[in-house]
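The next part holds the structures, each set out as structure tokens.
In what comes next, chain A is part of two complexes: it sits with chain B in the first one and with chain C in the second one.
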Partner chain A sequence: MSNDNLQYEKKFLPGKVLNIGMALLAIGLIVGALAFVLDPVRAGFSYLLGFFFVLTIGVGALFIIALEYVAGADWSTPMRRVPEFLGSSVPFFLLLAVPLFFLMNDLYHWTHTAAVESDPILKGKEPYLNISFFIIRVVVIFVLWSAYYFFVVRNSRKQDETRDQKLTKKNIVLSAVFIPIFAITLTLAGIDWMMSLDAHWFSTIYGVYVFSGALLAGLAATTLAVVMLKERGYLHPRMHNDSLASLGGLLFAFINFWAYIAFSQFLLIWYANLPEETVWFIRRWEGAWSIITLVLIVVHFLVPYTMLVSAPSKKNPKRLKFAAVWILFAHLIDLYWLIMPEYHGEKSGFIYVLTEFGFPIAMIGGLVVLFYFNFNKHNAVPVGDPKLERGLMNRP
Partner chain B sequence: MDRTNKLYGIVALFDTPDQIIHAAEEVSGKGYKKFDVHTPYPVHGMDDAMKLKPSKLGFVTLAFGLGGIAAGLLLQYWTMVVDYPMNIGGKPFFSLPAFIPITFEVTVLMATLGTVIGMLSVFFRFPDNKHPLHETPYMTSVSRDKYGLFIGANDGKFNEAEVKELFSSLGGKGIAEIYEPERTLYDAFNPKFVGLLVLVALLVSGGTYFSLNKLMYMNPFNWMDHQFRGVPQQASDFFADGRMMREPVKGTVSRGHMPYEFADSAAQPAEPLANPLVASAEVLKLGQKKFLTFCSPCHGNHGDGDGRLNGQFPVPPSLHTEKLQKWQDGNIYHVIAVGQNIMPSYASQLNVKERWAVVTYIRALQKAGNASKEEVQQYRKENAANVK
Partner chain C sequence: MNIDYSKELPLIHGRLSLGEIEDLIAKPMSEKPNRKYYIALAVTLTLFLIGAISLGYTFYYGIGMWGNNQPVGWAFEIVNFVFWIGIGHAGTLISAILFLLRQKWRTAIARFAETMTIFAVMVAGIFPTIHTGRPWLDGYLLPYPSQNGLWVNFTSPLLWDVFAVSTYFTVSLVFWYIGLIPDFAVMRDRTTTKVKKFIYSLFSLGWRHSNRNWQHYEKSYVILAGFATPLVLSVHTIVSFDFAVSIMPGWHTTIFPPYFVGGAIFSGFAMVVTVLLFVRKVFDLENIITVDHLERMNKVILATGMMVGYAYATEFFIAWYSGVPFEQFVFINRIFGPYAWAYWIMVSCNVIFPQFFWFRKLRRSIPVMFIIVILVNVGMWFERFVIVVTSLHRDYLPSSWGYFKPTIFDIGLLVGSFGMFFTLVLLFVKAMPVVSIAEVKAVADGAQPTHHGGEH
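And then the complex of A and B:
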């Protein structure tokens, strides 16, 4: 083949990307501030929504990196830098969690000591659900995630210069250690931040549910960035459209995985019909929430399923780009559906719904800014990775 | 296989995957349509080299999958709603969430079977067992370690000399002509082929029989015969009272239970209940049925106290006494529900509605047995047509 000798040349993202990110950040912060003035409690919930939306993209991206190393996959090597850039947001979340520590009293009922004393269920959960242990858990979890990010990305970037194959082996070990830790920590993070909004309720599959959403978000964001960068020629010139098929396939697989987990959670609770468990679904079936619940099934499962079911659609860049944006949007609705019904305040009205999206927009803007700086500072292709050549030849 | 003189196509063998990819690119580039590649394992990039369109098999899968959804839902709808509706946990008969797992299973099963059957019948032309390439040295080689290329004689551009020339210029070895096999009406009954089908059928059914009827009865499966579970009337060393059967939680009432507030007092209540039933034909019929079953053995068919047990038992009172005529409905109800003197309570035989129906029927008996002359004449006048 004639274009075999083409090699990757570093290109820089235009300043336009930075401007878009900054604009989103500014608009989001202004709207978020407005939300905070209108109703600090509701603003706290919307902050949690934005926090978790971008966090799930980041940790999903970390998991994709870990998966590539552990599985020895080569198809994803040419595009591995994209999840690395997306994962760069993870260390910042320890900082972003600080406002939530101050808002805890508004968000979490179990932080009210008087209420806990008079409530035998909350009293029983107190050894786990108390403020100091909560903060310790959050710090430990974010330190673990950040440590994985720093080490894996440092090794990956060092390889660009040294071309040392031992670095790949080191990263395989790191990833193999990280995956079980990730399974536990993400479950705990989901329980701590979201499930404990209703501290009386519990679901043993909740952690898997959060994981399915996180991996889907990470995959969708990676797909979107890879397709857009590839279309504009920022990635390796020899990368073939066919190597997108695996991204499309994984998106399709995890759409089904999410639906499977979400339905499993619902079916068991619906069948057993125990009041202490059904209360969570009943809250999501009251008033307008029933519409959002039904919309979630259509938007998060049926539409992306039909979009990606055929084999050619998994390789089609246009289709993939659309599906990725769609899935990210669906993931936002999913988190909204998980978090917002627990808002216990009185304030309701269109202006509040509108301002709720301030913080998510701001955090997305922040992610774009981070992506811009990371992209321009580092190679967009892991040029020193021994698996790169095989990845470029890969034609599924 | 006997062969005719009709040429089916020409084949060539190649040594490496790179050669076969190159050869496939050249052949498809030259505009040949009826050509195929045979390799011992899937070679990456072959679809592109051959310029293949995406397989149509997916549509077969889709059709069978949709059929599976419909079949699964229909099966459950028919069995659970129409033919044998059963109340499971108070859920509606048609409960979509409960139906989804089975619908999913049926969908996957139908889609998989459909794909295999579709592949065999449409693409392999099952039960045609005489593909011209079968039983050739070519097929033996490509099943082992060679990469084969084939161009069909039905291709518009086919020319025997040109094709051979092309193959040898690409580095092909073992270039050979393949002739159409002799076809007869009974090809599908080829003993080898039929024998294989029979063998497969025997193996599958034998294996199923063995696993379901023998294997599953061996330890440790035992069809789950030995389980830890309690059966009625069994002693239990788990529960404190030593019995396996449990009592309902205190205060439990059965569905439709209506408490009777005077159930504990033998004496007549000061303010008896009022009869909630209207004396319709339906109520009287129910009352008559229950009266004849439970009351008539002692009180007699017409309530005269001349029942079949007369003489073997203390004589029961007539229901036509002045005292009883003056009683309110609730007094009679009380006697049925609680009992009186030697008469036991009939609460466990008659439910609330049936008790009131019996009361209503007794009222009708009293009316019929103690009517005045005027009333009889009045009745005859109104029902002149029916009464002789």
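And then the complex of A and C:
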């Protein structure tokens, strides 16, 4: 073991990354602005799509950090900085939510006072679904998420210098408290932003569904960044390909988990056949939407399942990179499938418009820019973490 | 308490040598059972007998002996079925999922949990069979081409249960047996009496501890773990379908599948901790099944307890949010209706009391955890009672409202199920190694050579 004493040396990302991020941001904003001029309501929906896509990557990453601390995992310690950088987007979403507050009237039927007065079901939901309580919830949720991000990352970075084990302990407590809060807040966020697009419809599993998608998005983005950084030598030189196996394994597990949750929701609603519940699936089965529904099953489950089922594929960097990009794409389709049929409603089938992807592209660009600045400012490896050495030794 | 995070916690305490580990685990099987063992067996057999008598009455007079009525057509026997199937979830979770996650601490508890899985599924299987009313006709549950022209209803989740439970039982049994083969070989080599030697030789299938034996073993173990993992999820998912595919308010809710699986793991872990607390004490296994193991299990109990709490809260909130008056009524009725006592037992035992496990001191205290896990067992039985009975007892029309009271035979069958389970557990601890000798040796200090020369 001659290379045992190799240590991590800080390397900086080239300006090319920043340029790519900036370019995506600019293109996305231009296309988004165009979409807004053409059809403001539709643009509002696509803004929500982009918002939720990048938000789920961020909060998924926060959950991965929390999971590492609570489970006492060591394999993920050498790569923990990557989810930390990805999570840096979360505090910005409070600002990014502001345009949505102005678009609420277009997106959410329950904000129309006249409609609520004439609809006894919406009237019944008014104590929960009203604009002021909605905004309070959004603010509280983002403050809680941002607080976790700031504290956990501050402790983690402080440890780079002090190497104080007490900081690990602090983060364990912080994460253990965060996880139940996260479960509740993510459920509420899912209900508020997406489920209430159709304010009549309800499903108790919805929060779990949103969680499965968010965790998958966080994992896929982490995997993609870890593999790309590792290949180019930005991470710890002693990090072995084998340590990717757990990332691949988790991706595989949560692909299955998502399918399990999605199937459970569908089967129970289809089987019981109650009109107030089936309406949601029928809307996704009308006209060309049925194609999107079928595509979702193939793209979000069958293909990634096959890609990652074998043991060697779970630690093959090339395969992982491809699978991660694929899963992120599938997640975008999943969110599209959740959000956009509510725009089209009963009036038309699914019509594909390129401008819908303006805002998602802009938000992805923003995430790349944030990643660039965070990466170059901080160590890419938690050098002071007591579990680092264990993580580097970990060979499945 | 300061923990050094740069080192892994040792899994075995007391610096035991490999030989000492083997002696310790094999000891109960080489000694004659003592008085205490016979007393314990007498107690469990008595309980078992009570169940057998209740069952005899049920067979003779029919299921009218139970408290089931209109509108509560499903009661204790379905509750017991779901409860015991739930208990049977910890074993495969520990042995298969934790194995795939490379959690080494599973080694000391996996065998016991797997065994409990098998016994719990055996107990559970009795209830739907007798609930059919004419158990001698249960053969028709299996789809086979018969001259009677009878064919099963493939769209019914009750039939899916037949497949799910029997598959789960079969795979769990094979998984458990594969893990036992090397240990049977150890027992074969240690034992002195002829009869025992014959039996252990038979079951060890000619195991020679050779490199080739181990290679085959490891490979089949991984494959079986892969098979067993989806089964852990599928069984309780399908049990939840028994309720959720209906259109009963209180039963029909989409969160049921993951909620049932979480609850099953919760109750299964609680039962494993309950029994392990006795086993480690009686057989001096405190250095192998350490407080660290129990603490980890208590953490799982805390986590899954909160998952169950999350499901209660979601169900309640969405019932209100849905705006469906029948949904709303069922949940108000659960909390304030005639079965409010059962609901509050459920909430306090499953959601409130496990919160004590947030504190490290309480998580590691044997008396505290003993009380909490017993409460969790109680709470999880009541959870199923609340789901099954309270959803049924007040039908849409107030003229079809009723109240279910168990008869002595219902209670006798419940008591008998515990008797059967613990009798089987007692027989097991004297016949087979309660901890996997081979696996525990593999995680002992020094068994895994490192380039530091095994120093710690």
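To be clear about the criterion, the second predicted complex is superposed on the first by the 387 of 396 C-alpha atoms of A that agree within 3 Å, B and C clash if a C-alpha of one lies under 4 Å from a C-alpha of the other, contacts with A are read in each partner's own complex, and residues count from 1 in each chain.
The working rule: contacts are C-beta pairs under 8 Å (C-beta built on N, C-alpha and C of every residue); 3 or more make two chains touch, one makes a residue touch a chain.
Source: prediction; values computed, not measured.
A.B. asks: Return fit or clash for chain B versus chain C, each positioned on chain A through the superposition.
C.D. replies: clash
A.B. asks: Should A:Gly207 be classified as contacting the first partner (chain B), the second (chain C), both, or neither?
C.D. replies: second
A.B. asks: Between chain B and chain C, whom does A:Lys387 touch in the aligned arrangement: first, second, both, or neither?
C.D. replies: Touch status of A:Lys387: second partner only.
A.B. asks: Once the shared chain is lined up, is A:Lys169 touching chain B (first), chain C (second), both, or neither of them?
C.D. replies: Once the two structures are laid over each other on A, A:Lys169 reaches chain C alone.
A.B. asks: In the superposed arrangement, which partner chain does A:Ile121 touch: chain B (first), chain C (second), both, or neither?
C.D. replies: second
A.B. asks: A:Tyr271 contacts which: chain B (first), chain C (second), both, neither?
C.D. replies: In the superposition, A:Tyr271 touches chain B and chain C alike.
A.B. asks: Touching A:Ile131 in the superposition: chain B (first), chain C (second), both, neither?
C.D. replies: Neither partner.
A.B. asks: Between chain B and chain C, point out the one touching more chain A residues.
C.D. replies: Counting contacted residues of chain A, the larger count belongs to C.
A.B. asks: After the superposition on A, what does A:Ser310 contact: first (chain B), second (chain C), both or neither?
C.D. replies: first
A.B. asks: State which residues of chain A lie in both footprints, the one left by chain B and the one left by chain C.
C.D. replies: 267, 271, 273, 393, 396.
A.B. asks: Enumerate the contact residues on chain A facing chain C in the complex.
C.D. replies: 1, 4, 74, 120-121, 124-125, 128, 165, 168-169, 176, 179-180, 183-184, 187, 191, 200, 202-208, 249, 256, 260-261, 264-265, 267-269, 271-274, 276, 386-387, 389-390, 393, 396
A.B. asks: Can you list the residues on chain A that touch chain B in the complex?
C.D. replies: Residues in contact with chain B: 263, 266-267, 270-271, 273, 310-312, 393-396.
A.B. asks: Considering the complex alone, what residue numbers of chain B touch chain A?
C.D. replies: Interface residues on the chain B side: 44-45, 48, 54-55, 58, 89-90, 97-98, 100-101.
A.B. asks: Which residues of chain C touch chain A once you look at their complex with the stated criterion?
C.D. replies: Touching chain A: residues 2-8, 100, 102, 230, 233, 237, 241, 244-247, 252-258, 303, 306, 310-311, 313-315, 318, 321-324, 358, 450-451 of chain C.
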